[in-house]
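Comments concern the structure below.
Letters A, B, C and D mark the chains as written, and numbering starts fresh at 1 in each.
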Amino acid sequence: MSHGSIIKVPFGPQHPALKEPENFLFEVDGEIVVDVKPRLGYNHRGIEKAFELRTYIQNIYLAERICGICSDAHTTCYTQAIEELLNVEPPPRARYIRVIIAELERIHSHALWVGIAAHEIGFDTLFMYVWRDRETVLDLFEMISGNRIHYAMNTIGGVRRDIHAAMVPKIKKGLDFLEDRLEYYLNVVQTEQTILKRTAGVGVLKPKDAVNLCAVGPTLRASGIKNDVREDDPYAAYDEVPLNVITHEGCDVLSRILVRCEEMLESIKIIRYALDGMPEGIIRVRVPMKVPEGEVVSRVEAPRGELIHYAKSNGTTKPERYKVRSPTLGNIPALCKMLLGGYVADIPIVLAGIDPCFACMDRMAFVDIKKNKEWIWTMQQLRRKYAKK
Amino acid sequence: MAFLKEALKQLLRRPATLKYPYEKLTVPKDFRGRPIWDMKKCIGCALCFNVCPSGAIEMIGKGLEAEINHYVDRCMFCGQCAEICPENAIRMSEEYELADFDRSKMLHEYKKHS
Amino acid sequence: MEKENEIVEKLKDFLKENLVNVTIPKKRRIFVYIKKDALEEAMEYLVKDLKFKHLSTITGVDLGKEIEVIYHLSYKGSIMLSARLAVSKKNPNIPTITYIIPGAILYEREVHDLLGVKFEGHPDLSPLILPEKWPKGVYPLRKEHQLKHLKEMTSEKRGERN
Amino acid sequence: MDLDHAAVKEEVRKKMTGETIVSMIRILVFPGALFLFVLAFFYEWVDRKFFARLQNRYGPLHTGPHGILQPIADFFKLLSKEDITPHASDKLMFILTPIFYFALPLTTLFVIPILSQTSLVAFEGDLIFVIFAFTLIIITVFLAGWSSINRFSTIGSIRAMLQMLSYEIPMGLATVGPAIVTGSLSISSIVKWQSHNFWLILLQPLGFAVFTICLLAELQFVPFDIPEAETEIVAGWRTEFSGRKLALLRLGKDLELVLASALITSLYLGGPQQFWLIPPIVAFLVKTTFAVMLLSLLRAVFARFRIDQMLSGMWKYLLPLATLQIILIQAGLGG
């Protein structure tokens, strides 16, 4: 390959294909991608340092705001970790409610992703349809938890709001509507020629690479490896709920779409089972403010993959160290492998293939400024200057 | 061409979007909107001030004479203050249209005797 | 719990004295403390023979004088083994394990950025998360840096103030 | 007999000015520029509303009744915005290309019969002029992208040229189809021929399909909007344009939409016809609105192709179809 024709194409941090700031420097030979260098950290807010400054109750809402789409996964993982440190057992009804909320969030997160993937390949009409149908899930969330995205359902020792008997028929009606819409989209994705042309055989990740590069979640399951935290390391009420893990052998973007669509249908079945089988009883137990010394690793299957929280407490009301590793960081090495050898035109769809959530992935340090010309007010100065007027 | 049939079917259906300023969605029952303090019930225990994760509540004075300054631009509507208040003096209202051009309007002051 | 005990037995007779202590707090969780110089062979053994193929992440914890680096490995997604080792702050050098598990490439860079642990042999230890103009030698997650102090220090780097 | 030169010159001048004023009005106002601007804005509104309704949403609403003034509002808003010329760009080309991009479709529209069955400028061979104008438009697109020295617009402009190479030939064949049948290369006479016989869409449906697909590629609508693929190369060749230049580019694209739909109407749908009392222009407007809605429908139903898929698709499928249509005409089937 003649070296002369290699040009460097920056992708991000501001780019229509990336919904959040991230920078990938591509070396492109003609239309073929030769090398990828990820440069992360544009969305870094210092959450791990901030964890150490707040009490355990306040940290629930900090954990929730690590990511705007998979917020429940983070709070479930956080509250589980602290409950294990306190060795407190949430009541059975709370564990079932956690499963229901987690699966509803999986549907809303995957539906959001199918819309974005359609937008990446220029299919805006499908994007509009999928996001219109996703509104049913968000309305259900608003009814159950009072808020569309940050449901704040989990607290240490159980759940803050109950799913009353009056809500169950509404939820079931919403799920029935969603089920036949999702079946229709599954059919569209497999038959619509223009989608197949842009996704089949694109962004291939062979199973061996997926394991070596420690990929997680649907990206791993689309390469044929059956690995899901809900089944392997069950938490909340997943040991009492029937679950079948969906895998596809296609190893390309199309099989990732199929895995996520079928996972949504699977989630609907889980929610129906959990709604019927939910035991009666209290939904939370009282917990002390101070957490005894100890350390714990807590794992959850977030919509994008295996999410790990490591907590270390020192007996006070504030954690000693709190580490969050979100699924997207696990998939970035696999993403770089997929991009090599592909077309420039395929970058957005392959990049969207792992359903990147950069808000999750960056959790540290301050809002940094690329260009030195701008000046910036810090939050405190702004409040002091205006709030006092 | 299956998608063509679906697209043409949409022409007959009413659009799913909303003419926002003129048509508004009704918010469900216990929606977490802006928290409102009922100063008659408030005993100035400062529990809400301490628990607020984003520091949106400011206490002036102590005990029964305490007054509350609530910064809506800092508040994230988590409802933790309403939950922890021993006197149930804080209620999460249904208000969600809180944007404004002037930041001083973001400050809601709750006086004791007003 | 028998699978966990079996793994611990195998690890004990492989590492012998390098294995300082082992705790099994609950089902599917093993915490292991190993010596620094036994890291590479322990990793090799864990990944190749005991089939801990998936490295979930690497955590760095600041213990005051030492920095503790914890490797979270998982066996077929279920059993989670956390192998930890401590390294002094004066010469925080640890051999890289990217040649055993390629997936560790970003985790090591993150720990290097935030806690200043140098991974010898790592292909590219350039800053992954911190901005270019970040002052050298300042590792935000270390206990000695308070949030206020870090903000003042980096604010001069942001050019003229308001 | 000695003519009174002054009187003759006076006579000629009066007649000449009378005639020039009439033709000036016809060029500049009614079936000419002003009318076409209004038509361009109207069709952009039709396209946006219909496209929105296909996607189950309202589309522009609040500017004028049913948002009909939205395109005009966008145009004037853009005019008021800052007009940045990149430092490293080729200044002259950067300024000229938007003007060309806007002027080309406008002048080509004079060749198409709108008011009556003969256009403003009708000459034998204006069909060839239209095809040539389409190629010129794409060359302006290439120069626009190339002159704004920016990585994304360079890639965009190269893609525009590649795309042109692939659809020019099938489009040429598809426009030649009607010319062969009517025996003339002037659009006005093709329109006259169709008013006596059937519309050509009934006689040459295959040619109509090929022609519409190529127009989609010409207008850079979704299946073929590869030169300005929003998610891949930001705004493709239009990335660096802003303010007045972008306003001109958008107006140029609207005029191109009018040109495309006017071509479909006059070549395949019979153009402006006199249905007992209704003046021909109403028929023209109805048919072109239908053509715009057809293009909008096709835009809503496809995902975007990759450039190599588009090239191979055009050469492997569209070109044989276009030649098949010509063969059918020669075999006497086309009318």
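As a convention for this text, contacts are C-beta pairs under 8 Å (C-beta built on N, C-alpha and C of every residue); 3 or more make two chains touch, one makes a residue touch a chain.
Bear in mind the structure is a predicted one, so any value in this text is a computation, not a measurement.
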Intersection of contact partners for chain C and chain D: A
Chain pair with more C-beta contacts, A-C versus B-D: A-C
Centrality ranking, top chain (CA atoms only): A
Where chain B and chain D are represented by their mean Cα positions, the distance between them in whole Å: 52
Computed distance of Cα centres, chain C from chain B, in Å: 42
Distance from the mean Cα position of chain B to that of chain A, given in whole angstrom: 26
Two or more partner chains touched - positions in chain A: 125-126, 129, 132, 192
Contacts with 2+ other chains: residues of chain C: none
Residue numbers of chain D (touch at least two other chains): 54-57, 300-301
Pairs of chains found to touch, sorted by chain label: A-B, A-C, A-D, B-D
Chain D residues within the chain A interface of the complex: 54-57, 151, 155, 222-223, 225-226, 229-234, 300-309
Chain C-facing residues of chain A, complex: 38-41, 44, 46, 48-50, 53, 84, 211-215, 227-229, 232-233, 295-297, 299, 306, 308, 310, 312, 320-321, 323, 325, 329-330, 332-333, 362, 364-366, 368-370, 372-373, 375-378, 381
Chain A-touching residues of chain B, taken from the complex the two chains share: 2-3, 6-7, 16, 27-32, 51-54, 71, 74, 76-80, 83, 92, 103-104, 106-107
Chain D to chain B touching residues, read off their complex: 52-58, 61, 297, 300-301
Of chain C, residues touching chain A in the complex: 25-26, 28-29, 31, 53-57, 59-62, 70, 72, 76-80, 82, 101-107, 110, 113-114, 127-131, 133-134, 140-141, 147, 150-151, 154-155, 158-162
